[in-house]
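So, here's a batch of structures to check.
Two complexes follow with subunit A in common, the first pairing it with subunit B and the second with subunit C.
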Partner chain A sequence: MGITANETVDAKGLACPMPIVKTKKAISDLAPGQVMEVQATDKGSTADIKAWAESTGHQYLGTVEEDDVLKHYLRKASDDEVKNEANYDDVIDLQVLRNKVDGLEDVTILDVREQAEYAFNHIPGAINVPLGELENRMDEINTDKEIHVICRTGSRSDLAAQKLSQKGFKIVKNVVPGMAEWDGPTEKSTK
Partner chain B sequence: MTKSITTDELAKRVVNREETLILDVRNTDEFDDWKIEGDSVEIINEPYFNLLDGVDAIADNVNKDQEIIVVCAKGGSSKMVRDLLEEEGFTHAYDLEGGMKAWSEHLEPVKIADLNDGGSLYQFVRLGKGCLSYMVVSDKKAAVVDANRMTGIYERFAEEKGVSIEHTIDTHLHADHISGGRQLAENTGGTYHLPDKDAEEVTFDYASLEEGTDITVGNTTIQVQPIYSPGHTIGSTSLMIDNKYLLTGDILFVKSIGRPDLAGKAEDWVGDLRETLYSRYKELSDDLIVLPAHYSFVDELGNDGSVKARLGDLYQRNSGLQVEDAQDFRKMVTENLPPQPNEHDNIRQTNMGKMNPEAEKQREMEIGPNRCAVHG
Partner chain C sequence: MENNNTRVAIIAANGGMFDAYKVFNIATAAAASDKEVGIFFTFEGLNLIHKEAHKNLAMPEGKEHFKEGFEKTNVPSISELLEMAQEMGVKMIGCQMTMDVMNLEKDDFVEGIEVGGAASFIEFAKDADISLTF
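This part shows the complex of A and B:
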């Protein structure tokens, strides 16, 4: 499975500082929360993209190397991370979910982050349906099961949980805070 | 008007202790790991990507008439930042050509002494990494000790002096930098010497550097006498020149001592290290001039830019030589050690001939501080 991005920046063959200069320019055209792929061959670009994202508030997701091309993935900083206004009441603490996962319980975890975020780091067995696609892909989720909705910080999962319960899903829990604090087992699906 | 300066010019300034303001625009992790140092160097760090929208962060703190040298990893971003500073009205902004990559490869030759019988001894100071290597020159012949990877620098130096390099010697199998000894011997048709005990796994031919087997440079003028001194690696060997200069490799430095753990054998070698430092070296003359293979702090550079010290003085003031109790010593050199040098295992493999990375990869492997010492 490849990694999905909303926009791709080609910085192959360019030396520092050009990969960052191009990335900075391109990300300003991106909508908040969208994902950008930056292709570069400059080895130093990994550390710089990471540090740049940190200093600007964008989210660095990870890097994969394919045929000597480094593909960096970034998610543009978005407001929902900041305001974090919880509207859905049925929440479950991350630690409770952790205990269920560690206890090998059969839990349904719905990860509503972007596919690229999910690809670099998710709970084993979690299903990925990005928040923006949820309306159209609800049939992929079993209505009878208890569903644990998770995102990075609990904001997108809050919206997703509201949508699911409106559509008749019976037991929907919003996991708080989210993957940002998860220190349990994870897996990648970047290949 | 040129707006760039070379590593050569910058090295001269550091050695001559000229006031220098450097703006390092690499990301902060890299800066914290490793940067240009000097007694007269003031350095500020602001990653280039924070300056793309304006250089106010710098302009607010630095006078625009002041000279400022911009440094980055490879020389690209520093040019851009220099241009941005100029646009902002800086009149003396320069960039360092080739960045830290070039700085890490610069060797500054300093003459240590004239030798008996007309020869000379030079120290090559690698300011960007703290490595010290040596060239003994005598009667149109030369030997190079602990050569760094940049063999061309020694070859050009030898050519200028009109000498041919007949021997290259490594005092031990290095773990912090890639040795140029073998390559340099190949280029010049010379002989590469390495201690047997450090060469058990090497994949190439070498001459064994053994106690009692002297190496002659020129017309029998200079004797290099290996003194077996295990501790940093099991084969570590010291060299003596003219009964006056003691090349200690990575066993004894000016302000610190060698660490015994870089091949994963701290416990095994700590006894050897103590034996060398507290017995073998102590029996030698106090007047010997110690010439190590590394330095850690820029204040170890003397007024002429060289790193050296009288052995007797080191027994007075080097903290690594003041530990009376053997247990305390063991603790000091096996516990709370600084992080091991970047890629030290791959560097060892390369120096044994088991790996043969491309030039660009070798450069990357060496980036960063050497961290060969224990500071008491």
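This part shows the complex of A and C:
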């Protein structure tokens, strides 16, 4: 299904430290929470981009290799996510969700992270509708089911859960904290 | 973002092409990672910021065949790296004492450098988290 990015940086054919320098420049034009794709052929760039993200506070999502081109995905850090102001009361602990998933219960999981985040790491069977698209894509979700909304840290899913319950979804649970702490089964859909 | 107080202090004391790459690669990578970077150029290291000399730095003797490798791997030129480093706010200090010994003026160097003695570098380096010498 491919991976969606808001911006693409072309660092193909460039040697270290150029991929990092170009990434640094390009990310300043991105809005917080947006996703950037960095294309590089420098084999060291995978380790470098990861380390760079670590030291600058941005989120490294993952890398796919296509025709000798490494495509790295990053998500620009946003301050509001760290603050984590929870407003939606009906929360469910990640471990409780884990037990349901492990018990093979039929659970509806709505993952509201960006498509690129979801692509590299999500709970098998989870549906992906990024928070920004939720308003327009609500018809993709079954109103009658119990919906477990999840994101990375629990704050985008908090907003999504509020939206869903306002629109008449009956049982909506915000899963806390979120994928950042999930150690259950996951799958990828980067192809 | 939260780590932007990390400081990197570098001494550049050699003036060959390999030395220049070591210094500027580390410096630009560090600056791109939101570190605060300062380089003190002393003795042959002054070549790296000399207006003309930095464009034509020598390969180490017997290593001239690496020229091809540099071209093939599309490594940026020293001029480009120098410019990028400055653009990203890398602080560059030329050593006054060496400049005097070599009879060089501030105008002999690229724009934007500072000139200072060892004490000005020490002042910058005393709070450094990473110190490197090339």
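General observations
Note that the second predicted complex is superposed on the first by the 191 of 191 C-alpha atoms of A that agree within 3 Å, B and C clash if a C-alpha of one lies under 4 Å from a C-alpha of the other, contacts with A are read in each partner's own complex, and residues count from 1 in each chain.
Note that in this section a residue touches a chain if its C-beta (ideal position, glycine included) is under 8 Å from a C-beta of that chain, and two chains touch if they have at least 3 such contacts.
Since we're looking at a predicted model, the values are computed, not measured.
In the superposition on chain A, contact is made by A:Ala77 with subunit C only, not with subunit B. Look at A:Trp52: by the touch rule set out above, it reaches both subunit B and subunit C.
Once the two complexes are laid over each other on the shared chain, residue contacts for A:Glu133 go to neither subunit B nor subunit C. Once the two structures are superposed, subunit B and subunit C can be ranked by residues of subunit A touched, with C on top. Of the two partner chains, subunit C is the only one that A:Gly13 touches; subunit B does not reach it.
In the overlay built on the shared chain, the residue A:Lys24 is in contact with subunit B and with subunit C. Contacts of A:Glu146 after superposition: neither subunit B nor subunit C is touched. With the contact threshold set out at the top, residues 15-18, 20-21, 24, 48, 51-52, 55 of subunit A are in contact with subunit B in one structure and with subunit C in the other. Note for the complex: subunit A touches subunit C at residues 13-18, 20-21, 23-24, 48, 51-52, 55-58, 77. In the complex of the two chains, the subunit B residues touching subunit A come out as 27-30, 47-50, 52, 72-74, 76-77, 80, 364.
Those residues of subunit A whose C-beta lies close enough to touch subunit B in the complex are 15-18, 20-21, 24, 43-44, 47-48, 51-52, 55.
The residues of subunit C lying in touch with subunit A in their complex are 1-3, 6, 25, 28-29, 32-35, 73-76, 84, 88.
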